[in-house]
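Once you scroll down, you'll see the structures, which are given as structure tokens.
Below are two complexes that have chain A in common, paired first with chain B and then with chain C.
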Partner chain A sequence: MQVINKDTLKIIPVDLFKIPKATFLTEFRYQSIRLGETVYSLRLPIPTLAELNVLINQLKANQKAYLSHLKVAEIIDWIDQAIQCWTNPKCPQRQLAIKLLPVITGYNAETIKLEIKRFIRIFRKKELLRFVDNELNQPEILDDFHPQKSGSLTKAFGPQTIFNVFSGNIPGLQIWPLIMGTLVKAASLGKTSMAEPLLPVLFVQTLAQINPRLADCMAILPWKGGTQSLESVAATQTGATIVYGSDKAVGSIQPLVPSSKPFLHYGYKISFSMIGREALTPEHYPQTIKRAVEDIAVYDQQSCLSTQAIFIERGGSISPLAAAKLIAAELANYQLKRPRAVLTNPEAAAINRTRNQYQLRSLNDSTIQVLASRQNTDWTVVYHAKAGFTNSPLNRFVHIFQIDQLENVPRYLNDYQPYLQSCGMAVDPNRLYSLADRLGEIGIDRICSLGEMTRARPGWHHDGHFNLLDLLHFVDVEPSMEAYAERLDPDVE
Partner chain B sequence: MLLKNKIALVTGASRGIGATIAKRFAAEGAIVAVNFLKNQKKANDIVQSIIDNNGQAFPVQADVRNPKAVHQMIATIQDNFNGLDIVVNNALNHYTFNPKTRQTAESIKWQNYQSQFDGSVQGAFNVCHEAIPMMSDQSSGRIINMASNLIAFPLIPYHDYITSKTALVGFTRSLAAEVGALGIQVNAIAPGLTYPTDSSVETQNDVRESIIRMTPTKRLTIPDDVAGSAIFLASNLSNNITGQCLYVDGGLVMR
Partner chain C sequence: MTKTSTEIQNLVLSFIEQFANSNSATQSDPTFNEVALAVFDYQFQNNLPFRKYAQSKRRSPLLVKNWSDIPLMPIQGYKQLTLSTTPITKDEPVFMSSGTTDPSHRSRNYHPSFKVWDASMKFPFKKYVLPDRDQMTILGLFPGADTNPNSSLSRYVSKAVDYFGDSKSRVFINENGMDYQGIVAALQDAETRQYPVMLLGASFSYVHLLDYLQTHDLTFNLPKDSRLFDTGGFKGQSRSVSPQDLFQTIQKTFAIDRDHYINMYGMTEVCSQCYDQNLFDLYHQFPIKYTKQAPAWVRIKILDTNTLQPVPAGQTGLIAYYDLSNWNSCVAILTEDIGIQDKTGFRLLGRVQGAEAKGCSIAVDQLLQVNQR
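Showing the complex of A and B:
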């Protein structure tokens, strides 16, 4: 038993919310995290309806008074300054995130440290410029009326406020919609998940040090998902709603959003990988295996971008079965290097149930083989010598299907079509585009290299759609009006 | 149990590889002296965790670079247990393995080399000098010196560290050649990059991954891997093996 000496304990308060100046939250509950001799006392608000209303009104006022007057280029500059802070290992908010997130989320500390480092870099100025450019031919139309090829002059408006419902599966992912909203000059009300309520708060804190007025156009706070009274106010009083999360989360918010307002949602998705025989040569196969495992192990498949099944083509220097065995061995190594999060009982039960199901089947069906960690649920590979497709119970559980030709993959995906999202590939350039074409046809919306599946680029058409464009409305001043106005100029002759 | 009732001294045992060896020795039945330089609290924690697991251990402070302190430490062990069967020379002068901030051939000073010699070679010398008379009294003893696989493959040239660890292997062989006649076996273990430990946390991910790529087992070494080999060399399983250097690095070095 460890003896706690209260005199040497250091207590650091951490607020798990960030709201604009002049707004208040009055009721709180507390949780604490102890790391060595330091106790972090986490303060979580219990917002009331009245407080939420005041908060939204203040966000609207702040947006009108400040954010609506900023030019897109200026917004990008401010965000870039905050990002530059976060790229510095000494950034106090980043340091706090790296300390507390492993405890809050259960993910391996080193994974979090590395992934946050990588993730934050995709929001540098150059990347944000690319992103805005990718979505809008003339990003300046967010600032002023600009001539169009049609002859009109057009300006784009974002909603004044956005209600963001963040998911908590991947640390930091919340920054993405937060920045997106700010780029279209919308104030953000962000509801965080209890699974990860910290990182967006810390990011807005950094922004507040650089530009407090911009940070005052953001409010980040958690409440229990499904609290209909609060969510209904948030959805009706703001100009648009964006939901990240499970189908259940999406389904509970959707009815609350007035049909006249934009509603964007990113729900349950399945991603998979394809390994061509050209990636299984003696020269390439060791790296191919490593890359395949990276897509399974980073964040324990909790991201919709993570692979759940791998198609491995026959005809390489190593057989699909040998590749499956190498993937299993690499998963065992990964467990030593960066252990998987500790599971809840239902999560572990889901793995054991699925393992048992396939172990039973393998007794009578020689095409199925289960390779799994002993005495625990650390990792599981189910090898199928017959091509097919199925999803995984996650947490480092992957199905591997042997296939004669990768070109045949689409025929196994029909049943899962509405859920398909990313495909990580290891193929040569001659096949890439014809394969991408077939996958695009059945609904896959992102193709990336094997090993990079969990790291989407900012310009990606998330779930197949534009990001900013869906939030905007456009005002066209037609040529007739332009000409007519000229005639009404008293000085014109 | 492979080390039942053996008296073992592990230097630098408050953390990292040393701490793991101490725990595993105790689990094999040894009575372990957990030597530390500064970190009394960590050493106490290791001892406590050994006792919690029904093992036997006690903390003992000594700067192995200081002959008087080592004499005092060994005398304490002699007084309490009337013998010493196993010594693991694991302590070294604090060293941070950071490829980005290491000293280059141009910037390094002799003082850097000297301080590594003091920690590794002189430290091992001081301990052996005191331990060998006790071991020879009982006509048996095992000495294990902690080297590094960098001596065979200086992937990142930590000049001072590698030079002193190479000297330690020379020390091991020479000593083995003489004290074998007294029933004492002297061997070295050369671990690969052992992760995570306090000294290795600053070796960046990219470097670690490049080592993993070249390593047959496709992983880094963990403290438990090294402890397993230490148990082997400390126990009767390694009878008649002396003057050897055992590489525990996933096959990165083969010789």
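Showing the complex of A and C:
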């Protein structure tokens, strides 16, 4: 039993929600996390329907009174200031996130520290400017009517409010839709997942210190996913719904959204990597192996951006089998450096089941080899000497397929086409675009360098589509109207 | 010296007969160990895929000195490999799983002889299901062996009726479906003439029967000592019902109390069954335990899902099943069932579920589900 010294024990309350001024939540439950002599008392709301209604109305009022009048450039400035805070290691919210997230999510503390630092940087001003520019030719059309090549003058409007359903697989991912919504001047109601309810709250707290009126256009709170009464109110009272997460989450919310309102969802996806022979030269292969392992180990493949299968081309200085063995060794190494999260029974059993399946197959099929950590499920590599494709049970489990030519990869991907997303590559420039072209053809929507798969850029066409455009509606003032109005101007002859 | 197929069957048979009245907890380990090692040696020599698997785990009869070190064949092995110590002959009886997760890929368990299987079924059934009598009226709610020759449960139902059923016993389901009127008539007869009956079926058989009885507003007050037997869960069925809900409905419909409800744990891949102990305790006037007990020729271990090492009592994990009566395939099996054990026995907590991914990432089972739609 731990001895608790009440004199030295420090209790710090942490709210796992953030709501605008003048709104209230009345019922709560509590959880605590103890780190050394400090106890973090986490307060989670149990929102009622009436409270949620009030909350949404307040968000609408705040949006109308403030956010709708800001120019996009001003919004970017305010967000950038909050992000600048987070790039400082002394930022108290960032420090709290780094302390509590490893306990809440089970991910390795080093990984969280490093990834948050990297992740937050993609929202700095220059990146946001690139993002809006990428999505909208003239971002200013969100502020005012601007002339178009067609002759019309056009302005774009976002929804007044957006209901965001966040997933909890990757810490911080929620900030992305939150910022996106704000850029189109929509107030955000964010429902967090209990798997990671903290980071978006901390981010809005930072924003509140810089610009409380802007922060009051956001409400972040958790409730149990599938609570239909709350979700129905949220989906009908807001102007658009965005769901991140499993098909189950999408399926339970989609029917609640009126068909007249935008509904975006980001569901199941599978990513993979391709290593060309040119990356397996004596000069390059050690780095190639390390990069390949990054894509497997960061966040234990819980992100849809993480690789689940690697194609390795024959003809390099080391064989695909040798590369697979090096990847296995590097995974063992990585486990010492940054251990994988502790798994639930179903997760661990899924790994053992899939390992068994391939071990049994390997008895009569010499093209399959299972390389795996002994006595536990820490990491697994299944090597296939015959090219093919399959997905993994996740948590540092990867399939490696030997292939004669990377150009042949697409023929193995057919069955998985609707789920394919990112491809991390290690190839030379002469092949890059022809390979990218073939992958694009069968539906892959993101190609990045090996080792960077889990770190998507904000300008990425997420799952192959625009991010902001799908939320907007446009008003065109046609030339006839412009001319006719001129004629009605009393000051014109 | 490696034994022949006849010798190994006789060895297991004599073990079963010798310890028929004992159980897994009370039977002495050294004797079990001796027979288990002999069976492993026999299988290692005669079941090539099991031998290869054992070798891949660096285990052989020379190295294994304790039954708990015999390599566990994952239950998928019965789907992916042909596991038999004797050459498979034309028309050899084989039990196949219902193929609930992948209909094209079923488990296969071959039976060149049923001598051991029948003995392994008979003694524990008597002990745990009929501790108070030698015969009773058995109303079967699962197709018998004549309808379903490749089902181990069908053979089980038929054998139960053969060995322990009186002249009024019958199986009420065949390829044409369930004979609801027949069941109702049999239950009403038992009620009127006041003799106890046993309903015997798979868990999902009851769901359909209860639906029918509810629609027709039928309930029964079954005579004293009537009992209800079920097995299996609801995997792959059109609808699933929680065991509590099911039991409550059963209680209301048949007037059978908890102590007269018994669940059996068995599977296509093994030749023995484990039972809830409550009926045994009730009729022997012992304090009633609701955990399951295995026969003397079986050992159950609960393994950590991550390390596959045994967990301390009271912790959940995967069930490892060591069964001497599995003489023709593999004596040690790693199931996909989650269980928990204490000194009185074990509880079955269900099939291990496919891992649920937390967000956009997709895990194998979910993908399978998606593809099956």
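Just so we're on the same page, the second predicted complex is superposed on the first by the 492 of 493 C-alpha atoms of A that agree within 3 Å, B and C clash if a C-alpha of one lies under 4 Å from a C-alpha of the other, contacts with A are read in each partner's own complex, and residues count from 1 in each chain.
Quick note on the criterion: a contact is a pair of C-beta atoms (placed from the backbone, for glycine too) under 8 Å apart; a residue touches a chain by one contact, two chains touch by 3 or more.
Quick caveat, the model's predicted, so the values are computed rather than measured.
S.K.: Between chain B (first) and chain C (second), which, if any, makes contact with A:238: first, second, both or neither?
M.R.: A:238 sits against neither chain B nor chain C.
S.K.: Could you look at A:174 and tell me whether it touches chain B, chain C, both or neither (first, second, both, neither)?
M.R.: neither
S.K.: Determine, under the contact definition given at the top, whether A:307 touches first (chain B), second (chain C), both, or neither.
M.R.: Neither chain B nor chain C is touched by A:307.
S.K.: Using the touch definition from the top, say if A:353 reaches chain B (first), chain C (second), both or neither.
M.R.: second
S.K.: Look at A:266 in the shared chain and tell me whether it touches chain B only, chain C only, both, or neither; answer first, second, both or neither.
M.R.: In the superposition, A:266 contacts chain C only.
S.K.: When the two structures are laid over each other on chain A, which of chain B and chain C touches more residues of chain A?
M.R.: Of the two chains, more chain A residues are contacted by C.
S.K.: Touching A:247 in the superposition: chain B (first), chain C (second), both, neither?
M.R.: A:247 sits against chain C, while chain B stays out of touch.
S.K.: For A:333, decide between first (touching chain B), second (touching chain C), both and neither.
M.R.: After superposing on A, A:333 lies in contact with chain B but is clear of chain C.
S.K.: Identify the overlap between the chain B-contacting and the chain C-contacting residues of chain A.
M.R.: none
S.K.: Going by the contact rule set out above, which residues of chain A touch chain B in the complex?
M.R.: Listed in rising order, the residues are 110, 114, 286-287, 290, 329-330, 333, 336-337.
S.K.: Spell out the residues on chain B that touch chain A in their complex, using ranges where they run on.
M.R.: Per the stated touch rule, the residues are 195-196, 205, 213, 217-220, 222.
S.K.: Using the touch definition up top, name the residues of chain A that touch chain C in the complex.
M.R.: Residues of chain A touching chain C: 167-170, 173, 193, 195, 244-247, 266-270, 301-304, 306, 342-350, 352-354, 356-357, 359-364, 375-377, 391-394, 415, 419.
S.K.: Residues of chain C touching chain A in their complex?
M.R.: Residues in contact with chain A: 49, 52-53, 56, 74, 76-77, 80-81, 304-309, 316-318, 334, 336, 338, 352-367, 370-371.
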